[in-house]
Amino acid sequence: MKVLIANRGEIAVRVARACREMGLRTVAVYSDADRGARHVRDADQAVHIGPSAASESYLRIDRLLDAARASGADAVHPGYGFLAENAAFARACRDAGLIFIGPSADAIESMGSKTRARAIARRAGVPVVPGTDDPLDAAASEGEIRAAAERVGYPLLVKAVAGGGGKGMRAVDEGGGILDAVRVARSEAGSSFGNTAVYFERRLQRPRHIEIQLLADHHGTILAFVERECSIQRRHQKLVEESPSLAVTPELRQRIASAAVKAARSAGYTNAGTIEFLLDEDGSFYFLEMNTRLQVEHPVTELVTRVDLVHWQLRLARGERLSIDPDRAITPHGHAIECRIIAEDPDQGFLPSPGLVRALRAASGPGVRNDAGLVGGEVVPVFYDSLIAKLIAWAESRPDAIARMQRALREYDVIGIKTTIPFFQWLMREPDYIDGRFDTTYLDRVLADRRGAPFTTISETEALHLTIAAGLDAWWRAHGGVAPDQAGPQSAWTRVARLDALRVR
Amino acid sequence: MTFEIEVDGRTRHVSIERAGGGTFRVSVDGAPTIVDARRVGEFGVSLLFPGDAHAVTAIDLTPGSAPGEMLAHLAGRTVPVIVNGRRMARGGAATGSAHGEHRVTAPMPGRVVRVLVARGDEVAARQPVVVVEAMKMENELRSPRAGRVKEVEVVAGASVEAGRVLVVID
Amino acid sequence: MKVLIANRGEIAVRVARACREMGLRTVAVYSDADRGARHVRDADQAVHIGPSAASESYLRIDRLLDAARASGADAVHPGYGFLAENAAFARACRDAGLIFIGPSADAIESMGSKTRARAIARRAGVPVVPGTDDPLDAAASEGEIRAAAERVGYPLLVKAVAGGGGKGMRAVDEGGGILDAVRVARSEAGSSFGNTAVYFERRLQRPRHIEIQLLADHHGTILAFVERECSIQRRHQKLVEESPSLAVTPELRQRIASAAVKAARSAGYTNAGTIEFLLDEDGSFYFLEMNTRLQVEHPVTELVTRVDLVHWQLRLARGERLSIDPDRAITPHGHAIECRIIAEDPDQGFLPSPGLVRALRAASGPGVRNDAGLVGGEVVPVFYDSLIAKLIAWAESRPDAIARMQRALREYDVIGIKTTIPFFQWLMREPDYIDGRFDTTYLDRVLADRRGAPFTTISETEALHLTIAAGLDAWWRAHGGVAPDQAGPQSAWTRVARLDALRVR
Amino acid sequence: MTFEIEVDGRTRHVSIERAGGGTFRVSVDGAPTIVDARRVGEFGVSLLFPGDAHAVTAIDLTPGSAPGEMLAHLAGRTVPVIVNGRRMARGGAATGSAHGEHRVTAPMPGRVVRVLVARGDEVAARQPVVVVEAMKMENELRSPRAGRVKEVEVVAGASVEAGRVLVVID
């Protein structure tokens, strides 16, 4: 089997690793901006699919199919993002005789509509957040909109039927704002998803975001894994994920997992997928949506269960039967935490900070996994998601995992650009985080309270040392770069060319 | 040899002379110290303070985006350092000094999603003024200090290049 | 607690990580050659202990104690090698009021003499390789030597009582060579260990090297871990270690483990240690020796049991009680393999290849652990052991672990010097290794048969691509380094100084 | 532009000209191909063969120890490459050509443990001639080819510097 990986960055690297371990050849695709990217280096073959804009490359079904044909690929792994949840892409792959490593196009379609997905969950007996069953009629009068909202009850959320990532979503606290919110949400939904349909959902006050990873084979077996806790979100973007959740008891875990399996079964689901739930303060949980693909945060599940989910995606796509012990999948061993290393400056409101990564010194050693999408010398382009690496720490207990993550964050240097590492260094020392006192509203509240205070903290001593280091750097450069007993800051190329490597002391 | 070096909002006067055996006599704002310093690799500087509890610090220094600006990398953190020069903002949204006109510029190519202020508005320090979508995210660009909006140079929907002036604060 | 780490390289980095995770401050020591070494960067404090030669620095007990005093350290971790098994060092640390993170000086002393260790094992009812109980009398006549050898039986080994690493050891197949062998072994033992005493041991024909990791607290609990298989050795130097061993059944595992515990108990052992056994083809096993310290290969045990051995060393040294479930320690989960990445050229008879490592691109991702002792830009000095990193792969099964190791070895580039990676790439595809058909004599036999044939293999296509890459590299340099759409090979410093990082495409 | 490049014992004639858009027309021993090539980082070269099954190869090239010698790093392996020049041995023990005198030299500082040959001895290719202890290991230095020992320039116990001639083979 030869696998075309219809993606870029860390997830393309992750999938290529799994393929290589399983003896499968890989085909990378790349846009203009990604010619020198790591995912191209790591593949056996690579096909150019267009200009840098994703709409002209990674989102072009036609070019991806051409690339598969030209390279002789038999299968396509979509990764996450881009076309991973696009039913038309899954269908086009299958029509072209390619194995699509994911669920059927029909399953993607059913779960892609939030209202259809809610209906499926409800029919399967899985609780959903109270709300409207159907999309709001496009021609609904103001009175009808108000009445529908009253039936759901305030506070509520106006949500795009085709939504995701917080787009086309508006929170409304009381009746006064409902008409404006519907108008804005429809307009955002239209421009983001090409679909203006919206619906209402009651807004929980302090929910946790809990999700269940599933694997499903083509022989009727669906397996649920221990939950992931993903409540650390900034504007609906997850930043930290962990497994298990402090808020979930073994008994609750079984109930959420069995609800997830029921929902997936009634959608005829196969391959890997995740069902997201909101967990209310009173212990009630509600189906939120299904992600019909691999998740960014899948490694935390891999670390607490020691199951390789990408290997299983490939095996399930080939028709293999699931042979994982269900007890093992649902029983966490130890605790895992993932921090998303993103090219954003947390001290400037998480503004993107693309640019040249001059060197990448990733954390490593016991209990630390690093899934990076680039190597030193590469540029983080401005065109795509700015996730550059995932740092995952495992330890026996949650406090030990936090301590290990602190250690790993200290030894992780992305030289040349700013990243979210200082934010995580701060978070891993916050008493609320350490004690598990958080929900999906936590981070946005804290960020608002901090009013832009920087996460990067430099002690008085460190500031002094930085000053001295910068002074010495300038001194060395002023002295031509090389002092007799010091290697200067000139090029490694010219430097090493003068050295006999075997004589260096 | 002397330098003026700004770190974390504070400028210090640094004088450096070689003291032999890989050590330097460094004086920071008049306070002298001996440091054993050495380059490690392309960007690294390793400092050792033999007299000061044998403390160790390893820092990587790379050029920043403005003349005289460096980015210092220290145990996962990235800190701008200015050597012998006025600070130019980077990674951020504003250029200018503590007084007079400020320009809020686009730090990267993108599309203006919303303009949050109008000409003549009073703005507070760190108040968002423009939202630009880039790298799949909406990014709020903020006013670097309190002032009044002198010009708004873009409209919602416009595509902007990096460095394009969006709003001028007086 | 502040810990002085009396070592360098990867083990100093490993120990510093554990200390940081446990909130302990660390003090590095360094020789002249190691001023810029990673273990110095990673510590909170660092003290210079002398010139580059180990005998003038890392082996100087007085200077290490001075360093502990000067830096305010409370405890000393010896790592492995250097003074780790030196009873005088352990005693000097304790006399100076420092916690020595290891066993008592008495335990080190008893186990440091091979004949005393054999006597301890025998008294504990643990089988030892048949041989002489006491060292050969220094004044033994030729006739007495011959008679002692006859009693042990040929083939036999003449071994130094204070030996290690194959020094002071000679194999004798029949009576004719015994006198010469004793003479040479005595002379080698004298110059290597300052002790000319030797003894005889029967030589097993095809033994496996199997070892049991132990942890022992100060409250009488001794815990045995699943075995490590370390038979892949070149001239008595381990190159690959794994856990568990294909040759050990659960029943045999219990018997070897309980023998190991008995031997350690009778030596009054505390902290971490390892008992090495020879496992004969018929399933008999024999005590070989005890290593009274952490082993290079400890990570394979950590990966199959998920116990952090260095954390436990620190906890046990503080007097904590062992609280690990014995079943968990003895039951392997999955399979782990370690390859020692050494600065040696396997294609030149494993000749050391020190020098400048211009960049280090370590393997990473799922199931891969990298314990490296340096970062890019550092020099591998000529003065010390040339181990630069350990690459460890874990997977569900041994074949999967081998496949993952193959993947990891492919993505591991130590840029600037030669390493043993091509040797491991070869070994991981050898049918005998894959099928587990090996013993301690395997590798030396294979190496002899290969008569220096290179391990680095380049396909015809790869040779062509290398030729083209070298040509383009020369072309770029001839064209001033920078073509309009190509970044040239000039210094990153001058290159980036001209770029506005945020404008790079 | 043309080069003579030796890889794995074989020298090839390479001519290169730019073909635009990041591609080059490369001819190796007369066989032409189009390659999309680009530098990645300080040492990396990424090759893509659009016409040849879209094959990808990523190679890092660093200077070797002799003029014209490079070390190429390819998927974990390190391969010497000679550009426009005679090969000088490295990491190994011998210098010289396939004919005439060979000098077995110390590749690193160390101590001579044993001398295994005497003047006048016949030696086979790859036969060990001297054992040097360095980096805690005993290292056998071998004769690069069959021949006769012309000189033995060290004795057991001697300390040697890198590059010191130990044995000359004729």
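Per-chain numbering from 1; labels A, B, C and D assigned in written order.
Here is the rule we go by: a residue touches a chain if its C-beta (ideal position, glycine included) is under 8 Å from a C-beta of that chain, and two chains touch if they have at least 3 such contacts.
The model shown is predicted, which means the values in this text are computed figures rather than measured ones.
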Of C-D and A-D, pair with higher C-beta contact tally: C-D
Where chain A and chain D are represented by their mean Cα positions, the distance between them in whole Å: 45
Separation of mean Cα positions, chain C and chain A [Å, integer]: 38
Between chain D and chain B, distance of the C-alpha-averaged centres to the nearest whole Å: 47
Rounded Å distance, chain C centre to chain D centre (Cα mean): 29
Residues of chain C engaged with two or more neighbouring chains: 353-354, 358-359, 375-377, 382, 410-411, 416-417, 489, 492-493, 496, 501-502
Per-residue multi-chain contacts in chain B, two or more chains: 22, 38-39, 41-43, 55, 62, 91, 107-108
Overall pattern in which the protein chains touch one another (line/ring/star/complete/other): other
Contact pairs between chains, per stated definition: A-B, A-C, A-D, B-C, C-D
Complex interface listing, chain D residues touching chain A: 22, 36, 38-44, 46, 48, 50, 53-56, 58, 62-65, 90-91, 107-108, 162-163
Contacting residues of chain C [partner chain A, same complex]: 13-14, 17-18, 20-23, 33, 42, 52, 299, 302, 306, 308, 310, 333-334, 353-356, 358-359, 361-362, 364-372, 375-377, 379, 381-382, 395-396, 400, 403-404, 406-407, 410-411, 416-417, 489-494, 496, 499, 501-502, 504-505
List of chain A residues in touch with chain B within their complex: 237, 343-345, 348-354, 358-359, 382-386, 409-419, 421-422, 425, 451-452, 456, 458, 461-476, 478, 483, 485-489, 492
Chain C partner contacts - residues on chain D that touch it in the complex: 1, 3, 5, 7-8, 10, 12, 14, 16, 18, 21-22, 24, 26, 28, 33, 35, 37-39, 41-43, 45, 47, 55, 57, 59-62, 70-79, 81, 83-84, 91-93, 107-110, 126, 128, 134-137, 139-142
Of all residues in chain A, those that touch chain D in their complex: 27-28, 35-36, 40-48, 70-72, 375-378, 492-493, 496-497, 500-503
